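Each of the next two complexes has subunit A plus one other chain: subunit B in the first, subunit C in the second.
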Partner chain A sequence: MTDTIDDRKQRYKKVAYYPGCALEGSAQPYDISTRAVGKHLGLQLEDVKDWNCCGAMEVKNVDPEIQTYLSSRVMSQAKNKNGTDVVMAPCNGCYHNLKKAEYDIANKPKSKETVEKISAKAGHEAYHEGEVETIHALDWIKWGYGEEELRAKIKGGLKGLKVANYYGCMYTRPRHIFPEKGLGGDSESLTKPHYMDDLLAVAGAENVDFPLKTACCGGAHSLSDSDMSTKLVLNILEAAEAAGAEVIATECPTCHSGLEMHQIRALKRLSKDTNVKVVYFTQLLGLAMGMSPRKLGIHANVSKSIPLLKERGIA
Partner chain B sequence: MTRTIAQIEEWLESGTRAADPLDHAGELVKAGEEVLENWIVAHGGTPTEETRENFRLLALHRQGARGDPSFNACRETCREIAYHYNLVKLEAAEDRGQDTVAMMRLVTKHLVLFIGGKLKEAGLGDFCCSSRSLRSKPDRKVDYLGV
Partner chain C sequence: MPIHEKSLIRPENLSTHEHLVIDGVDVSGDWSTFIRSRVVTDYNEDLQDEIAAMPGGEYIHRCWQCGSCTNSCTVNAENPDFNPRYWIYLIRMGMESELVRDKDIIWQCVSCNKCTSACPRDVVPEGVMKATAHWLELKGYTEPSNSTVFDEIFTEQVVERGKIEDGEVLMEFLQKTGQPLTQDWLVQMVKQMVAGFSIPTLLKMGWNTVFKPRTSDWSKARDAIREHIEEEEAARHRALGLDPAE
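And now, the complex of A and B:
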């Protein structure tokens, strides 16, 4: 897309919001803090009307064409029912799946055919390539509000809180579904993503060098081989602590709950205790702007970060 | 002789290491290479002796990823190992490097855990970021490790 920063800011001011299933369930604090921060910044969210599952990981691995259809319907709803051309998905899984559907419809005739066929059967408009732009919550705040404007909103800030930013695997992989990334300049990096680092630095955090920011956490194997996931997560937590982090910032509900749950499991199963706290980046941004922990759903996180945040004078 | 993944994991857990940070960094690069050799041999290939950007580790990763997009989930981990090695080399000249090599050890451990995990559960990395369905075949544009 060749629009200017101002064009993009205008377009992202009001977007269709696709919370997906996680943000309405296990990741409610992410939903609460995303909405609260958006409202505080004057960014408008309108839920995608009558949204459905994106196909998540399960459908995609059984029948990728059905997953493409499911994700395409979300984009079709945004376009035809909400009347918007931007969908914002804070969940990496949803974001990734909508991006993948966009790529498949544009590049795979079979996917396009399936989408048109099922859409006709279901009685709604089929989604066509390029009708909407799917963005992540990080894009939404970074470009819809702007870093300099955000700086002006900071009240108190994060006071040098040491943060390891964990992006997980689905935010940048596979590369081909994210054609707007890795272009240099102000585009997001595919190998060392930095948008979350950028926003939290503006909010007063001290981002630590964290080499495992896109490393696999074994998320999808949490149930089939929990020990493997626990070991992978424990290593991520230990690396964050070794880097000096007090907090791991997340931007994905699956990563977030995996880190929280396996931190507890590592203590139980492997007698390995780690103390780093896990907090959504939207919660940290909200705190930096002077919002209360309760308003940001921090009390509902499994990882108990409030004592640390109080001790540091942030909450 | 190439150690098994279990032996490498045990070595990493044991705390045994060369006293000099740069020597230890070399041990970690070697451990990463051995892990990748295990993967390639298990898939019927012959580990390459070539290098990429002066690292055999990176050439081995490239070889291991052929035909299996999910293997790209450890691409950045391999690159971080190479990056940390270069950093330790730079810092060693100034008598530093202890912290960097400690972090490099954790990054190497991640590679060991990921590939060790993938050898047990081929689907590791498949269900998330590779977007490959259970039914789809490996990419036909590339050789599948000579199998």
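And now, the complex of A and C:
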């Protein structure tokens, strides 16, 4: 891409927002804090009109082309109903699926055909490759607002809170669907992502050296193979604690709830007690800018971080 | 991390003599270990084509057996018997009965896509794992796994309404797989969840369970999706030589 940092900033100032099912359901704290932080920074969000579920991992297993269609419809709505060319998704699953649909439509004739066939029958414009750019909430703040500008907004800050940044699987894998990553320079890394680290460092956190940034929590089988998920989550929690983290920062509702749920399950089933807290990165950014925990939905997290944050003088 | 190889030599085919002297040389114990020869005759020459006809399996023919998938695999690190490279080898050789020996663990792939990112040949091993699990079920080797049950409940909700309500998916899944709602860890989680929610949030969640979230004007999309899924299912049955109505 030939656009400059300023072009990008302009483009991300106002984006179509795709919350997805999780943020409307059990992950409301992420939705609340994303909207609140956006408002505080003067970034504009307009919900994708009449959006549908992107199909998550589950629909792909039943029929991959239907998952591509579902994700393509979201982009088609953004383009044709919202009239925008940027969609922002805070959920790794949604973000991943939209990127995957973009890739499949461009590279797999069968995907393109199915999208066109079903869109015609459903009575809406089919999505065509390159019509919208899908970005993550991390891109939105990092590029739409800017790190230096963010520095000026910090009030109180995170006071050296020790944070392990956890990105999960779907933000960087498989590499094919993220052609803009791994290019060096200021592009996101495919193996050691750092956009969340960057933002939280600006907010005053001390990011610990965390080796499991892109490890898998077993989210696909969180309920259908719970013992495996509990083991995988426990690896992540213990590695974070071993690295000295007080908090794990998350940028995906599924990763976040997976950690919360299996932290409890590890205690109940394996008698393994871990104390590290799980907090959305948007909540941490909000706190650093002096916003109240209530406004950021921190009380509604399953992982109870308020006492720690109070003790550290952050909340 | 080492590449975990699974030996094709089965313990029951190893033979050792406790007392054996050949030409005056004592070869008792381990010195006399030999492997009974085994002839595999039950090749399924269509196996690779059958897997390739399942969603996700289409690129299996590209594999050159480097082992990067197994080497990077999340589940392999927990269970060395979970070995994508080896299964792809068996499929490409047509060794159906060997493959079926691992029928109860293949579905455990967590779709982390480490293999797909690592594969130098763009095989999409993650897809091959899903295709193989699917194939095992269609062929009647295994009952639908919990994962399949979950996928189906989820997909049905999306197709029907355009959106899901995550609480409802969870409840239906626990019910269908016979798991009690009173499991200690679930109860604890719900407690911690409810403790923090404000009244309006709780109201909104209650509202969502009564008035299901749905995408407006969805019915035409729903019908077109159902039609497509049925066509694809019939095509898969045909590819395996099964009755499409099954």
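One rule holds for everything that comes next: the second predicted complex is superposed on the first by the 315 of 315 C-alpha atoms of A that agree within 3 Å, B and C clash if a C-alpha of one lies under 4 Å from a C-alpha of the other, contacts with A are read in each partner's own complex, and residues count from 1 in each chain.
Keep in mind that, in the parts below, contacts are C-beta pairs under 8 Å (C-beta built on N, C-alpha and C of every residue); 3 or more make two chains touch, one makes a residue touch a chain.
Quick caveat: nothing in here was measured; it's all calculated off a predicted structure.
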Clash or fit, subunit B versus subunit C on superposed subunit A: clash
Subunit B versus subunit C as contact partner of A:K231, first or second or both or neither: both
Touching partner for A:K304 - first (subunit B), second (subunit C), both, neither: second
Partner chain in contact with A:T4 - subunit B first, subunit C second, else both or neither: neither
Touching partner for A:S26 - first (subunit B), second (subunit C), both, neither: second
Touching partner for A:K268 - first (subunit B), second (subunit C), both, neither: second
Most subunit A residues touched (candidates subunit B, subunit C): C
Contacts of A:K117 with subunit B and subunit C, given as first, second, both or neither: second
Which of subunit B and subunit C A:A243 touches, first, second, both or neither: first
Against subunit B, colliding segment of subunit C, chosen among 76-84, 94-102 or 148-156: 76-84
Contact residues common to both interfaces of subunit A (with subunit B and with subunit C): 57, 60-64, 169-170, 173-174, 215-216, 218-221, 224-225, 228, 231-232
Residue ranges of subunit A touching subunit B (in the complex, touch as defined): 57, 60-64, 96, 100, 169-170, 173-174, 177, 191-192, 209, 211-212, 214-216, 218-221, 224-225, 228, 231-232, 235-236, 238-239, 242-243
Parts of subunit C lying in touch with subunit A, wherever the complex brings them together: 55-56, 74-75, 78, 108-114, 116-117, 122, 124, 126-127, 130, 134, 145-152, 154-155, 158-159, 162-167, 170, 173-174, 177, 184-185, 188-189, 192-193, 196-198, 201, 204-205, 208, 213, 215-218, 220-221, 223-225, 227-229, 232
Contact set on subunit A toward subunit C in their complex: 21-22, 24-26, 28, 50-53, 55-66, 69-70, 73, 114, 117-118, 121-123, 169-170, 172-176, 190, 215-216, 218-221, 223-225, 228-229, 231-232, 260-261, 264-265, 267-269, 299-304
Touching residues on subunit B, where the partner in the complex is subunit A: 69, 72-74, 76-77, 79-80, 83-84, 99, 102-103, 106-107, 109-110, 113-114, 117, 120-121, 123-131, 133-136
